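Okay, so chain A shows up in both of these, paired with chain B first and chain C after.
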Partner chain A sequence: MPLDTSAYSLALLRVDGRRWNELRRVHAQIRTQAAADGSSYLEMGHTKVMCVVNGPSEPGPRRGTAGGGGGGGGPGGVAEVAVSVVVAGFSSVDRKRRGRGDKRTLELQTTISNALAASLHTHLYPHSTISISLHVLSQDGSLLAALINAATLACVDAGIPMTDYVVACTAGSTSTYAANDETADPLLDLNHQEEQELPSLTVATLGETDRVAVLVCESRVQASRLEGMLAVGVSGCHQVREILDQVVRDKGRHMIKEGTVEKGMGVEEMEVD
Partner chain B sequence: MPREAEPSLNERQFVLKALEENLRLDGRTFDKYRALALTFGDEYGVADVTLGRTRVLAKTSAEVTVPYADRPLDGIFTITTELSPMASPAFEINRPTETEILLSRLLEKTVRRSGAMDTESLCLVAGQKCWSVRVDVHVLSHDGNLTDAACFAVVAALRHFRKPDTSMEGGVLTVYTPAEREPVPLSWLHSPFCITWCFFGDEGQMALLDATWSEEQVRVGSCTISLNRHGEICQIAKLGGTPVEAVALLQCTNVALTKAKEFSTYLDKKLAEDAKRRDKDGLMAELSAENDR
Partner chain C sequence: MATTTSQQVLLCPAELAYLHSSLSLTPPIRPDGRTPTHFRPLVAETDILPGTNGSARICFADGTEAIVGVKAEVEKTRGVEEGVEESEVREDEKEGRSEWVELTVEIPGVRDDDGGTAFLSAMLGEALLSDGGFVKRLWINRRWHWKLYLDILLISPPLSYPLPLLSLTTHLALLATRLPRLKSEGVEDPFFDDDWAAAPYLYPRDKKSGKALARPPVTLLVMAVGRNIIFDPAKEELAVADVALAVSVGEAAETGDNDMGGKGRKLRLLSVRTIDPPSRVTPPGVPNATNAAYGAAGTTQKQPEARMAEAEAVEGVWRAPRGGAKPLVMAALVQKTLERGGVADEVLDALEGVDLG
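Right, the complex of A and B next:
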């Protein structure tokens, strides 16, 4: 394997020169597609994803899942959150073809849909569908986290009421499951190389709270190591929330300045420069 | 596409109100499992697990095949799940539902990706011949908590399984029948068990173990943790749902660890009992020259 994890203990620097608690560069844009109700583009390091949200709208005719009676939507008179994830063939190093029925992709879709459905006020839109389509342009670790963040931003852009941002990031640990227990450091925001080698988990929180919406760990790790990893992951999520919030505010400010939107009530005190 | 009947408002209210008063419909405490029973079949590698009214059957089989070109030194190990209409009218054959996909992904991650079985030991001739071990999971009756029952059945079936003994002599591979040589167990490294927590309440403040189907229908979220008795987490899956306090999740993990240890002891005990049953009179019978005549 190319990554020599033993080098970490010498200078406490990771393969890409970050410290243990540093995020990669997060760059995000909202309202990138004019035709969609909401859209976003997000980069976390070299992981790049695009998201388009349509709806809440009446479910299309092709969807046959709706029960009898009037219209579709999820159970109990709430809007259904339909997520589709498309992983581009050129997104990773080896050009692997992933079919539509790929279980990993389906699991990602379910996770994103369930996570957002808990934060969006879906009860306001009975019998309708919010369709979120995500496109992965480039993969370099923390894929699920990037997808969740992009979907949240696009939902904000679409103006769907939500409790708070659902923000995600990954956390890992510097040692493998058995070796050198004491000296293991938790790591924040892993890239692809680290994800391959080290135990990692993806955590998504509801805004700045400590409440965890998604927790996915796919590697073997000592149970005692979980606490540290989770703590680092949650604090990373809080940092991500700050960044995403800044993106939304900047865009809003920009739109007011351009005169695209009227300055609404309560915007008075916000300085527009 | 058939859809599961949703619980009525009254049923929903009844279950939730009872939970708020720390009561479950079957009188269990929040962190207690239903009665778990494991029986092995007459053949090796068949495990039948009942957990309350949930029943899962796992059957292991092995055959000699050609290994994958990109992994010439590894054997093949697959887990297939089948949710038939027998278990619930909402399941259809040949059209995997979301439940089925998540279940098979979970079993895959828990047992296969955590390296519970040493797949390299399944290799017979590098790049040419290897064992392909396959576990078929059949859900016979669905009354909640399929994951834990299915995972337990898979692990039990694999640990009970014996594959035919083989030998290589001068480039000739011989597979012996059970009459010629005693079959050999798989090379097993650790036994992971799934423990599923279901969350209830507006903020997911109530956590239940081993929810029944009626409880599962009204839950706001769930978290499946896979652990082995050495205290290693093999997988965690909280796939969305209502957000839960991080501290509560850590507590759940600790309780899950003790449950995993209990499962492990129970399985060891059952395997030992079964071994004793098969080995009727022990070594003395084997050495005896007497026969039935």
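Right, the complex of A and C next:
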């Protein structure tokens, strides 16, 4: 079904009733699974992903790298971040099965792996592997962004030291490339329908800074519009960071209240209600 | 036979011998203090994904977790000649084919074409299809049918043999599956009601109690150590199993109109598969009598273990079980599963208790 972009200019409302700078509902949980070192569940609108982190641990015998002798791990004595993305057959509207060798899935994996490897303190874990497995349960646009956010949360849960959250968000533009509309407004957090029609990019930043960790743009867009889209995307990332940080803090507070963890140093100042 | 060797348990021969002997006591003492027929507690929920026809999620107490999503598509039945008009549809004309169901299992960190995964999906599919009534439910009319895609995801790393978990999750997902209500009649092209609230369940429910009238099968894992039969083994227990069986159990079709909700659940054995337990690849222990470290004479050769494998069994020294299961043990395993008030009965009762949407 083609997206009716002409209606936007009338009321400045998008197909799902949001304004240009509004995120969809973001709902996240951490520590959803007892058997893993870290786990999370994230919903961005109707996009639902689950993440399970194991490690840092010695890589299993199967994954022995060609180097041999010195065990696994990435080059230069840092931990290897191994990401596997499983897109469930039932996740999209029409059932479509993606094999493990699917090129799109491979690209998602590499992007996430590189982004996280830059933020995680992998040099603390030489000869080890951090294996992150992501499961896509439902897709409605902004898939890469949701995967990055879920992976970040799970890494926080696993207690792997990292510089800051890697938070991601998508941004787009209100009119298509072909329309060549100079007055097009930027849009935040696109859903599947918008993503199909409009130029869009995924941007991930390092926490609340303006440092961009990932920038993926797979559609044609005029260079003049790019700056606006990027600015909106980065501000969206800051909003996402707030939300994720709140989730982590709530869980921490909950765990202290339940007595699962000891109140650590510096927690005294934190309000535990 | 499936191999479960991918889940190596790091136990030394002495620990294995200890586990084996405590499990072969009467009554057996299990590492987690359960009775032989006690299932591990689990958390289950259904209808978690609105984008599917039916979905379920189960978390076992050991932390393993699975999600199953069911999606249905309308498909034209192959090999049916066009133009034959027939207004009357007889009940016995309904037929089903096994290719109307497609089942895939995803296990993280395991290749798609891994033998173990293929065996798992074959085993789960076999249980479903051996109950011929299941594919009949997918029949729409002579020319059309539903194609059902079952996607089974193991979310957690495979800690223990995931067969019971996947089977129970599939069971719940199928119970929660709804297909749009058919509006068209006869052999015309199917036309459906777009009101999801009116969609009937694949497994019809009782109007008043909301309980399903028929239920999909479940596959349970049973193992034997010595003369003891142990249900729902944890991975440490599986590491010392003499025999491990996957037993698929379905509910027999109710004949006649016996009183509803009575104790009359009739169980039917659908299939039995032997599972190759990981105990077969465990290293054997070395008795003191032949251990050079304990001053045994004449044991200076390179591999004492290799020689040990051929020697007599010594009490308290671990030896990997070899050979097949005794027919008597097999019969007991199956009987114990099926008996009234037995484990299969209990599991089906417990699953009935899960609130289905």
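Miscellaneous remarks
The definition used in the following text is that the second predicted complex is superposed on the first by the 267 of 273 C-alpha atoms of A that agree within 3 Å, B and C clash if a C-alpha of one lies under 4 Å from a C-alpha of the other, contacts with A are read in each partner's own complex, and residues count from 1 in each chain.
We take it that a contact is a pair of C-beta atoms (placed from the backbone, for glycine too) under 8 Å apart; a residue touches a chain by one contact, two chains touch by 3 or more.
Worth saying up front: this structure is predicted, and the values here are computed from it rather than measured.
With the C-alpha superposition on chain A as described, chain C and chain B fit side by side in the combined arrangement.
Of the two partner chains placed around the shared chain by superposition, chain C is the only one that A:R95 touches, whereas chain B remains out of contact.
When the two complexes are overlaid on their common chain A, residue A:I243 makes contact with neither chain B nor chain C. Ranking chain B and chain C by residues of chain A touched puts B first. Applying the stated contact rule after C-alpha superposition, one finds that A:V15 touches neither chain B nor chain C.
Of the two partner chains placed by superposition, only chain C is touched by A:H46; chain B is not.
In the overlay built on the shared chain, the residue A:S133 is in contact with chain C alone; chain B does not reach it.
Touch criterion met: A:V214 reaches chain B, while chain C stays clear of it.
For the pair chain B and chain C, the least inter-chain C-alpha distance in the overlaid model is 15 Å.
Interface residues of chain A facing chain B in the complex, by the touch rule stated above, are 64-65, 67, 75-76, 103-104, 106-107, 110-119, 177, 201, 205-206, 209-224, 226-227, 230-231, 234. Considering their complex, residues 1, 3, 6, 98, 101-102, 104-105, 108-109, 113-115, 203-204, 220-221, 223, 227, 231-247, 249-250, 253-254, 257 of chain B touch chain A. Chain A makes touch with chain C in their complex at residues 33-36, 46, 48, 50, 52, 54, 84, 86, 88-95, 97, 99-100, 131, 133, 135, 137-138. On chain C, the positions that touch chain A within their shared complex are 49, 51-52, 55, 59, 62-65, 67, 69-71, 73, 104, 106, 108-109, 111-112, 149, 151, 153, 155-157, 159.
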